[in-house]
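Think of it as A, B, C, D, E and F in the order they're written, each chain with its own count starting at 1.
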């Protein structure tokens, strides 16, 4: 009995390769437990799998095709919702296993706090690593609502681990005075509102380096990305953001871990945020896969 | 490497049993090619899989629990969208295989036309079979928009196969004069607006018989089921409809095939139609599984 | 050159008869100038014309078919929006002409104030007339926001014209203490929350009489009719309301004017209110046309 | 300088009395930290204050008028969002003070867990108290997601405090097998799906007793109340629910604390859930105020 | 009896001129039978007629006013929905007649396939014609879902008719590798992502030529145009697109046929896509009418 | 008894200072009585108060923090809805008192007509005053729907008061031919589509002058601001608009009155318009407060 000749389970289109043969492992993490404004990012990966079918597998921007690469959508992580500490451990364990299998984890949040354990697992393998961070918000609070582990503190926690001169933030346009002061002083982090020319310079300085890429999708303007918990006017357009993919493709940095977070599909008008998240997923899986093929990784 | 200890694919909760060990096989058929009013039923099964998590596995109405039965969600059928004839064959082939494996097919549409090939596959195995049909619309046209195979003709096509005295229609409140005349004359079909006492009588008359159950969800009132292509005011409430499950559970009819069709999730306010479709799926899988356990089937 | 063989303008389906040959004249009045809560009834008739196509022309409830009657959708009235007094005159003039042509005006509001001038035009022709009023609200204020002509005073203004023992209100469940006192005392009006048995009695007492029928659609429960300015929980279901059509069909009252008001389509989830308004329009045009055919009118 | 002659802050209409002169104190508690399905109840009281203006102050059902009573809307409680334990203490402290001032707390959630500390404060004053609980869900789990304090355990926690024969549950139609077994056995709680005749009997048995009334608004059917986290088809209609107000008004029970919870306005189509919550707030404040006036309380 | 002094049918504002006296004939074609992603373009023209009233008749960009030109909205084409071949013939016949009457057809889709028969009718009259095509998608597949006539093949079918060097595509950002290869090789078509300077050059090269202009509205970015079947991030803004109108006005090309397609109003948040489609309709009718007045056409 | 230690009323975050100690007074005016297209601006201030919590109090653009200034949200103005003349007087009286107390009125509409009485009150105090007007529409009609006081005439009425060379309009892209002619001729007003360089020049020319700033939020593009009555494609992006705040901060003009109008929250997808209005409110209160601190005012 081989029912699979007729049926398919709901995975990202052209990401149905086996785990073993794949270099890039895509998975969903539906956690939004510390969200302080509009919640719902827990539903992101499910909504994205439906919308992904509206795209083509070919990217004219990158001139690459998903059909030519081995990407595996391994589904959504089982989570102990309601217990933040336990959830963080579950993310850490799963990412650790992917990394240990010499594969690149590509996580779909969930809220931004999910980046912390995934980053940690990647960091423990490579150590000499840089963080590229796209976001509207600084996420540099020391604590938030009496909580050290929060969507609003996640980059500060990563800084606790890797320290100065390692974190590069782009698109930031909201935060407390204290957060901006922290970022701008003593190279704790490098922070930019949104300047693609600077991005290109930074990436060229990181030539040959390993990077962890974390994208809080609210870096995009609410006009193209309304479906997020804390929309912040004044963000980048999708067209501006496309440069990121092109620059990464032409660069010599090695993406060793990646995530896109903070899509909240129940606030997504006509699914335009979801389809935008899908296109970013496609472009970044292509860039990452292409990097691997070029023998850059591992 | 066993990644499954961490991850899950997106299936109906507690319907993750293997095909081989299961008696009831749930699958989605995302076809809406002949829809004449608002389309979108192609997205029904995907949307339902997300909403299903909001329910419990236990039914207090039936005092049965999904955890105690073997139901398998086998995913969505691969379809040649755009070619109606080919799609009908694909549904037929897949259902045929399920039926030949001595399992009960439980299909989630899609538009109502998908019932035709699924019914045909079931009919060819059992022959002596009756059809229970819930719907707001007669679906008894001879042709619609020059098309003999359409959501508006599907019950007429089934009548072509099994003939008089075999089809029982409930909840009907819309159709042409010709359709009503056809149904009401010479027992071509038995038709009722919505009378649960009559339903109980009919079911008791069918004692020991095999039935194919097809539910066009627009039989429900638009107040509880707005998310459908052609909402028709004056339908049954969910509470009235619950009697169907109880009566079936207590009956001696054998459900040998089943479908629920015409959920159009993009028109579904706050997902109330989708969660209602999910609850109907739960209750009916329980009733059908329970019937099998009682040794009634096969 | 006869382009009409190819094209159609946007009218209610099967109401494309000429004005001259028609007995019932349907027209839209997009006025909502005195609305105090959520506005937007100005868009009702336009939205209804699109939704009407989802219905059949045949009513199984009444066993009547629009194809067998002459109804004319004459379009929407030109209005001097912003000048309430002028608008009221424009409605009066147009209705007057329809009445003078021995035809029955069937108006689609707009807010409830539009009933006043339409009623007046009908009243001036027939004088001995009764008002049947369905609504959630009393509409019996003497003035509202310093305004004697308002959606909240319209039935009081009609009472000013025809006086005691002539107005019968059904479905009322909201108003001030003063309004309820006025209605209940000295037969100023007859008021009921919603009791279909009483409706049948009242209609049978009005045997042979002429009536003006005004339906504020918020008489329906917000579950089936969310798309209105001031939804009021606890209303009638559509199924309960269907009795009104059946009773009117079997009665000997003469409907000499009719309106349905207060659909606000921009608040209408999945268009279920709009399709409900359409079904009421179909049933009432059938009842009214049928009454005319029976020779009751003129 | 008296600017108040021109301006008003956003409070519930006709609930602008001073705290000191009022018997019933209405306040919002925007907490939804343990919500497991769709979140957003944190926004309930804010949304309700806007919608309340669409209602009248007079209730024709109860023949009572808000203008004749002293109710005070004291605003929303300041909360340490993100720290569940601290939030529970904050609710407890605020309710305690209201109770100590010999006033009746009327809380608007928030998720259902907020009932626990409010109930506790009321219980500590009166001890001999009964709980009337309307809900679709049992809320009787021992723990949920490793958490003893959760929206899914709240009634179990209350039972921990007051024990057997004190809790009366109405409208329940979802839960695990274990929860139903617990409720139905040894009079741990009294549980009913929804039977207003039984409600009347229970209330008459509680003659002269003090009750705490907690209403999870998802007891209502999703057709009238889509705007909630976990809609469950098969609920009560608003008209059925109205009997509760009438029975309470005519009874001799003393309401010494009250809450309505689980409105999630971002999932509320056309605000019909919000306006329904408002009407329930009006009717219950009237009943409770009327009880106080009759000298029943304090 | 002249009821028209009071009433109007629902046409585009200031496009109520008679067919005979008009140069530009606007009509709707509500067909979306081959749509593979989100359907609903069948409702476009109806929705646009309502929104058009929000605009002025005067264009400050073009310094032209609809009041100064003769444009006729002739309504919507009658279609045999469900039978694609027949529908294509119906579009062809209607367009043919308009063209034969020496008028310019301005079609409002519907899905993009409707362009094929309209183009064919125009092509048969003029032969020496060029196609200007705005779109996010190439539409250059040889077949799609086993179908040669599809929204995804329409430009390939037009190329079958007019061959190389005649088709100019702008805004393209999605397609298969094969489609991009076809377009870019041997001047089969000219393809650009979106560069208004290039557009100006192309138009100036076409000086004195006749052009058919087809605009798939998804060429616009989803931020301003969410209401379409297959939104593709990275499109042009409305302000960028305005240059098209200005360049066309100042050019010497002759627009002999025109269409705007793929508005799907049920996915249109707050109607911003619909009002954008309306503004494009206004600007293009003005440009086309102005061209005719200048004696350029016929 | 000090309940305020627990509770807060619903005001703009960090604008809870006392009227007496504050320089800038924020208030809502929920009037939309002359709106000709989509209504609902009456709900703007209520919706904004909820959304404001999603923002930070610190502006990285201006490097200013609300915590460092004294702004008072005094609530919403009591209005005689339905009586336009009376409403205008009420706005005038309230603004007059604020102005007389040497404070700066910051009004949140409501439709644009509310600007007229507020401006008048400010004008009467200062006389030598200039008007900066951002809008998509000219608002320069002499009358509209037979009405001299309308959202479409408001700037013309202001011109009646202050005359030529005093009004500077930015972002205008819609109006009648007559309105554009009026504006462009004899310096009646200065009108620009949207050119931030010009804005900077104008502001520098007004060095040392007092200005009244009125922002019709539909000046923004519908992609970022769908939630308004008459969306007009082709507007400014939020990023372009940010320059206004920076230029004003660095300028020597004195803002003596300010308003933002025409947010219609019921048409606001995912609240992105509302959060944008909130950010503009924050930036402008900061600029205005900062100007006062610098000793520029009074």
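Please note the rule applied: a contact is a pair of C-beta atoms (placed from the backbone, for glycine too) under 8 Å apart; a residue touches a chain by one contact, two chains touch by 3 or more.
Note that the structure is a prediction, hence the values are computed from the model and not measured.
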Revision key, fill the gap. Chains in contact with chain C and also with chain D, listed by label, are B, F
Review point. What rotation angle, rounded to the nearest 5 degrees, superposes the C-alpha atoms of chain E onto those of its identical copy chain F?
Key: 120
Check your understanding: What whole-number Å value describes the gap between the mean CA coordinates of chain B and chain C?
Key -> 39
Check your understanding: Between chain A and chain C, what is the gap in Å from one C-alpha centre to the other?
Key -> 56
Study note, to complete from the structure: Touching two or more other chains in chain D are residues 38, 221, 223-224, 267, 269
**Study point:** Which chain pairs touch, all of them
**Key:** A-B, A-D, A-E, A-F, B-C, B-D, B-E, C-D, C-E, C-F, D-F, E-F
Exercise for review: Sort out for me which residues of chain B touch chain C in the complex.
Suggested key: 37-38, 172-177, 180, 193, 221-224, 226-227, 230-234, 267-269
Check your understanding: How about chain C: which of its residues touch chain E in the complex?
Key -> 1, 3, 6-11, 19-20, 27, 43, 46-47, 49-50, 74-78, 90, 93-94, 97, 101
Practice item. Note which residues of chain C are touching chain B in the complex, please. Key: 53-58, 60-61, 65, 221, 223-224, 237-239, 242, 269-272, 275-276, 279
Check your understanding: Inside the complex, what are the residues of chain F that reach chain C?
Key -> 32, 34-36, 38-40, 80-83, 86, 144-147, 150, 266-267
